[in-house]
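Notes to accompany the following structure.
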Amino acid sequence: MWPRHVLTELIRNALAEDVGAGDVTTGAALRGNETGLARATAKAELVVAGIEVFGEVFRTLDPTLNFTGHRRDGEKAGEGDLLAEISGSLASILTAERVALNLLQRMCGIATLTRRYVDEIAGMRAKILDTRKTAPGLRILDKYAVRAGGGCNHRFALYDGVLIKDNHIAAAGGIAEAVRRVRGRVPHTFLIEVEVKNMAELEEALVAGADSVMLDNMGLSEMAAAVTRVGGKIPLEASGNITLERVREVASTGVDLISVGALTHSAAAADISLNVVQVKEREA
Amino acid sequence: MWPRHVLTELIRNALAEDVGAGDVTTGAALRGNETGLARATAKAELVVAGIEVFGEVFRTLDPTLNFTGHRRDGEKAGEGDLLAEISGSLASILTAERVALNLLQRMCGIATLTRRYVDEIAGMRAKILDTRKTAPGLRILDKYAVRAGGGCNHRFALYDGVLIKDNHIAAAGGIAEAVRRVRGRVPHTFLIEVEVKNMAELEEALVAGADSVMLDNMGLSEMAAAVTRVGGKIPLEASGNITLERVREVASTGVDLISVGALTHSAAAADISLNVVQVKEREA
Amino acid sequence: MWPRHVLTELIRNALAEDVGAGDVTTGAALRGNETGLARATAKAELVVAGIEVFGEVFRTLDPTLNFTGHRRDGEKAGEGDLLAEISGSLASILTAERVALNLLQRMCGIATLTRRYVDEIAGMRAKILDTRKTAPGLRILDKYAVRAGGGCNHRFALYDGVLIKDNHIAAAGGIAEAVRRVRGRVPHTFLIEVEVKNMAELEEALVAGADSVMLDNMGLSEMAAAVTRVGGKIPLEASGNITLERVREVASTGVDLISVGALTHSAAAADISLNVVQVKEREA
Amino acid sequence: MWPRHVLTELIRNALAEDVGAGDVTTGAALRGNETGLARATAKAELVVAGIEVFGEVFRTLDPTLNFTGHRRDGEKAGEGDLLAEISGSLASILTAERVALNLLQRMCGIATLTRRYVDEIAGMRAKILDTRKTAPGLRILDKYAVRAGGGCNHRFALYDGVLIKDNHIAAAGGIAEAVRRVRGRVPHTFLIEVEVKNMAELEEALVAGADSVMLDNMGLSEMAAAVTRVGGKIPLEASGNITLERVREVASTGVDLISVGALTHSAAAADISLNVVQVKEREA
Amino acid sequence: MWPRHVLTELIRNALAEDVGAGDVTTGAALRGNETGLARATAKAELVVAGIEVFGEVFRTLDPTLNFTGHRRDGEKAGEGDLLAEISGSLASILTAERVALNLLQRMCGIATLTRRYVDEIAGMRAKILDTRKTAPGLRILDKYAVRAGGGCNHRFALYDGVLIKDNHIAAAGGIAEAVRRVRGRVPHTFLIEVEVKNMAELEEALVAGADSVMLDNMGLSEMAAAVTRVGGKIPLEASGNITLERVREVASTGVDLISVGALTHSAAAADISLNVVQVKEREA
Amino acid sequence: MWPRHVLTELIRNALAEDVGAGDVTTGAALRGNETGLARATAKAELVVAGIEVFGEVFRTLDPTLNFTGHRRDGEKAGEGDLLAEISGSLASILTAERVALNLLQRMCGIATLTRRYVDEIAGMRAKILDTRKTAPGLRILDKYAVRAGGGCNHRFALYDGVLIKDNHIAAAGGIAEAVRRVRGRVPHTFLIEVEVKNMAELEEALVAGADSVMLDNMGLSEMAAAVTRVGGKIPLEASGNITLERVREVASTGVDLISVGALTHSAAAADISLNVVQVKEREA
């Protein structure tokens, strides 16, 4: 999914933010030798994403904690379903709890919303894509959650894919020149996607040799016309103002890809709770 | 608001995530000597938060960019209102755009949702509080946005406030013992808030000398009873399942504080666009 | 005590400072396969603090080293008493020795001095507090050592407690206004301590609703008057020029807290030596 | 003195420790637009060290602050003497104050103690040396302060000088073998110092070709005998238990160097205060 | 070329490696107030690359230094030609010199070797490509230098391009399955290059729909056959054992791309010297 | 050799550079549960250096990988000789492969070139030295590889040895003054090497008390004269333009040390391949 060290670093920063020089309450209210068992449970229907991330937060804070996932990413869970269990030092569990839940609830929230979009166009050819509209610092998790929800990833970042937008076109003086410049300068391993606003620009992009085209905020009939014009030779991506209400008719135009910023910038957190169900004191 | 270096580090990490070794498209499609003027505009009604953060992203990527904010944090903006302008190297503007917007849209989204809660209980004594349910790594911005929206901050993190929750109480063997331990171990500068689930626990907390009490998921009538019992001697905080629909009746119980996780974990991004309105090529 | 990673980072920085690209002498004088047993011994009477930190330095440099503490933090040790043993790679022991001792000697020095202050006022109601006058970068250790010596901690840093000092008062235009502003802006979980120089300011602080008051460099009789005036309603902290000679009479005034900068800024290092008592060569 | 970036990093870490996510009191009590002038003044006689470091703390927190040093490192200052002035944003001054003072007071304390040792042996040939017994993380400042006090530096760390101690000798099976190994393995730019406990070991060290010798905890007459034996061919360093009371008679033995751990591990902080002498509010 | 902060970080690490806690010689031999003018001069024919990087090293160590480049990257320089001038603090110039030269000489060495390959196939259709065989930590500079020398870049890293190699094929159970899996899982913005060893594998790759093919260590006649077979439909890359002696005949086969590991893993450093031509002492 | 953490950090940075947010090809073409055995083999004669570093790259990426070295550093290997084996997760092996090889091939290349220089002067008194002309960021590895090849290290960096060069001399106003200043300011553990260009400067250096002298770009007869003049009292180092062709006659002049920049700035990478020889799928 991602290199181990990348996740560790992300979690360390998150723990540093919340724990800092120490969890004052836990440090003062507990003796430190208590052990416990905690259960994470879904409080509403959701699609699971981030179970291993959730566990890794606890293990990063305290490698002696035991973690067991009871659902896999991509599975659905209903109200009351057990998602995971953590046991070991109670102080460690309580200190890590909030960061772990913040990540899990966000990831499940994204997966759950993604699944709704995917289900909405079930059986149609289009795929649901994410965007770069992720929470800064959390992109690897946000995009992973989209996949867990059944969506596909667009390029990860500015460094791994070419997307020529209106401003690049304006700066280069036209689609043809922009594509020409890019083709001459990027490694041969890069495809070139071009954003267009209307049929005229689509025509220019096709002539320029674009490898795929993003239809930016086009109307349904114009998108359908674009699909007809291109005839399946290159992929077409619908983008802009894609709501759950609208996604099915957008897919009906025959586009190959539908990118949805809301998946990662506007998903509500999934409702999940962590309850400590056993507490014991260890012998000193 | 926060130490300068904290924000710089956050922005550098965000830029590293999106830009990495370089913006392939901009690097290839532009000559590099183009300059431009870009305008950030609200595309729907929103409460502004993060204008300076927005500008700082551009300046962090390229200190030669000029930035002018046209709205102040906390102000409302309607569809089409100009929020800010950036001018200078077009390549720099295009490369920083997405990170800058991701932060601004998130912050405005939080401020806008917060304002709705605040407006909902306008004229009542209760204050709207945030929680620690923020996007990991972005807490300083999330909590700042809550203030811009008219809300108040709860403790920032585990290190700067004491909140004794059910699990701490279970570990200590009761509210009285938990409060006694904490009082004896934390600096005298800390207040002690205790979470209670019912009137019996509230009684225990009062006897133990809690400085404030969080009423966790209590019903309206029980909250009202708690308010009566306490008689204003210490602040009471309502918590759990606070929706826009319910917040006014919760406030009507007379509680002092109402904490709302949704402000930061479920706010939808505000709709804001950045448009390049001028492009020029500089002499070499 | 503190999150594991915080200590690890502190120790890594300390090792980087002393070891850098390598311990030239040990690397050249040893074969590398020698093992040894080393003993840390008190060379004068002291109060122990930092035994686990001491061990962690060795384990951070080389996780294969074995460490056994023979005293617990807070215990007294006399000349010749064994504090701890380390065994394993001799090269690792010799390379880590200085950093480990520098930390242990500093922490024991602070605990020992703290204990002297605490003993000086034994049986009286006042507590000995530390300050923020710690060695930059070592605050978690300095403040922990104070607790090991029997003292209590004041706020940890600027972020976790409010202390309104003369300059804040001057800027706000008076104690009343300063307290009012702070009360309105900080989370409800924060107490407000106000620094005063005389009885008039104390009166203002009380009227303004200060939660505790620091008596800054007041004379003994004035402190006694302050105690009488306040009548136990809020804690009073004596501060400024608190020497071992003076601490008992300061406590006699009836103040609740006595803060002593010298605990952390002027404690002499405790005298502790590390001796290698066995050396063997392992088979290659 | 040191590369700029090394000091910046040290100060950033120190500020992060004390300021973290923000100075709660200053943020709440001030409007933010106040400016001020602050003066650092000696409250007792001291030797100055760290004036530029002191200024750099303020500039690191806020580059718009103005700083003027009124004494140079190495100069003496008496009670009431002005050391430095800072002007600009009052909030910035108050937030940086404690870190700046913690560093300056520590450095002046070390310089002041060093000067006392140096003065004690004025006119004699021996030099006062520091050791590696510094506060972890602060070595560049501790050792600089020793120079400001008139002392000399021993090696900076394990990586820039060879000192063969008893444990290295034990591991190698004798002084001759230890020196032989080191000579064969370290770059030709390194000198070899050997620690000896008595005249017999001194003899071995001389035969082995040591470039300098540390006399570890030797008595005065034995040190004198060592000086006679060596006859000035290589430098001799006295080490161990060097107090202000004893240093003059140690120097009288004729040794070239006297190393004193106390300079950096047991110097009391110098007494210095920072007072804000003017406060104004800027126009918004 | 690359985000400013990426280069700054690289240079800071390089300076930390060489300068560490300080340049002992310069710190001791100079007063510190000397200024100087230094000139970087080619001592043999070379292709310039890295002039701005060279300057940035000096400015990173000391922002007050002035730097003027006298050649642009990509230009040729002959023996004795002036490349750049630096003026300002002599101590800063001397301390930064080695790191600056190490980077410049490496980059010019790579550009010079690249140019020889490019010149060798002048007028032919093939392009010279680099590989990921760069010095760890220096890839952005190594690959930039290839472009300065007239070569083209292959993918930058494992994250921005797909290259299915023999081991991926073995793991997937064949070229068809490997391509199928990758096509289904990577964003639509990625092209798929497949490495093949012979004509049979080439056939499989074409059937599977590879977007480009790397001919790994094929003989000249087999490469020519591959070119004929593909007929220009997708790019073919020759790879493995490409020497200056062989590159022209490889290009003659008609391949589109020729990748050469030696450009970055075996280029000799270019011969460049830095001479201080003026020294002055500033007034204190 | 070097502190464990230093190497870990270097490898993490190298992996971050190449792997970033993930190995797209391996992540998509493999299931993730495949295991494999890979063998590193010499493809031409070489001197081994870096076998443990090679293994550490794999273990850093994935601690569950097994690594066995089959040659020791400093040994020769011929074409086809097995150098090391790695087994475990195939995905991890493929992702780490390039970074591991880049480091190993560079280190073996340096060791192999060093051995050629060393062999060239076999039986003569001179030693082959490296310089600070290493790849920025890789100095610990470059210098280690020189030792593996039979060479010796010069000072590691600017902080651990004194070398007074022409510019220092110019700034100080002469050799005598430069040596005097340095002697007075650096710790007694530092030797002083002086760079000279001719016999007159050599004379000055001897009078000034230099501990060793570097003969910079002198002719053979002048070097021989220098050797005669010095008569073995201090080491002489030949430097500048030392090629394999010339090194033996330089050694014949009787100099003690010959420093060669090419060892680290111009060594060609050794030819080594990694082949996966077994692939299995684990049960889920």
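Think of it as A, B, C, D, E and F in the order they're written, each chain with its own count starting at 1.
Everything below uses one rule, namely that a contact is a pair of C-beta atoms (placed from the backbone, for glycine too) under 8 Å apart; a residue touches a chain by one contact, two chains touch by 3 or more.
Note that the structure is a prediction, hence the values are computed from the model and not measured.
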Show which chains lie in contact with chain B and also with chain F. A, C, D, E
Which of these pairs, D-F, D-E or A-C, matches B-C in more than half of the residue pairs in contact? D-F
Using only the C-alpha atoms, find the rotation that maps chain D onto chain F and quote its angle between 0 and 180 degrees, to the nearest 5. 180
Quick check on chain D against chain E: do more than half of the interface residue numbers occur in both copies, making it same, or fewer, making it different? different
So the centre of each chain is just the mean of its C-alpha atoms; given that, what is the distance between chain A and chain D in Å? 52
What whole-number Å value describes the gap between the mean CA coordinates of chain A and chain B? 21
Distance-wise, how many Å sit between the C-alpha centres of chain C and chain F, to the nearest whole number? 44
Averaging only over C-alpha atoms, locate the centres of chain A and chain E and give their separation in whole Å. 34
Could you tell me which residues belong to chain B and also touch two or more other chains? 19-22, 24, 27, 95, 139, 156-157, 159-163, 190
So in the complex, the part of chain A that touches chain E is made up of which residues? 129, 152-156, 159-163, 187-191, 193, 211-212, 235, 237, 256-257
Of chain D, residues touching chain C in the complex: 10, 13-14, 17-31, 34, 36, 90, 94-95, 98-99, 101-103, 105-106, 109, 132-139, 157-172, 178, 181-182, 184-186, 190, 261-262, 265-266, 268-269, 276, 279
Which chain B residues qualify as touching chain D in the complex? 1-6, 139-140, 156-157, 159-160
Of all residues in chain C, those that touch chain F in their complex: 12, 15-16, 19-22, 24, 27, 61-62, 95
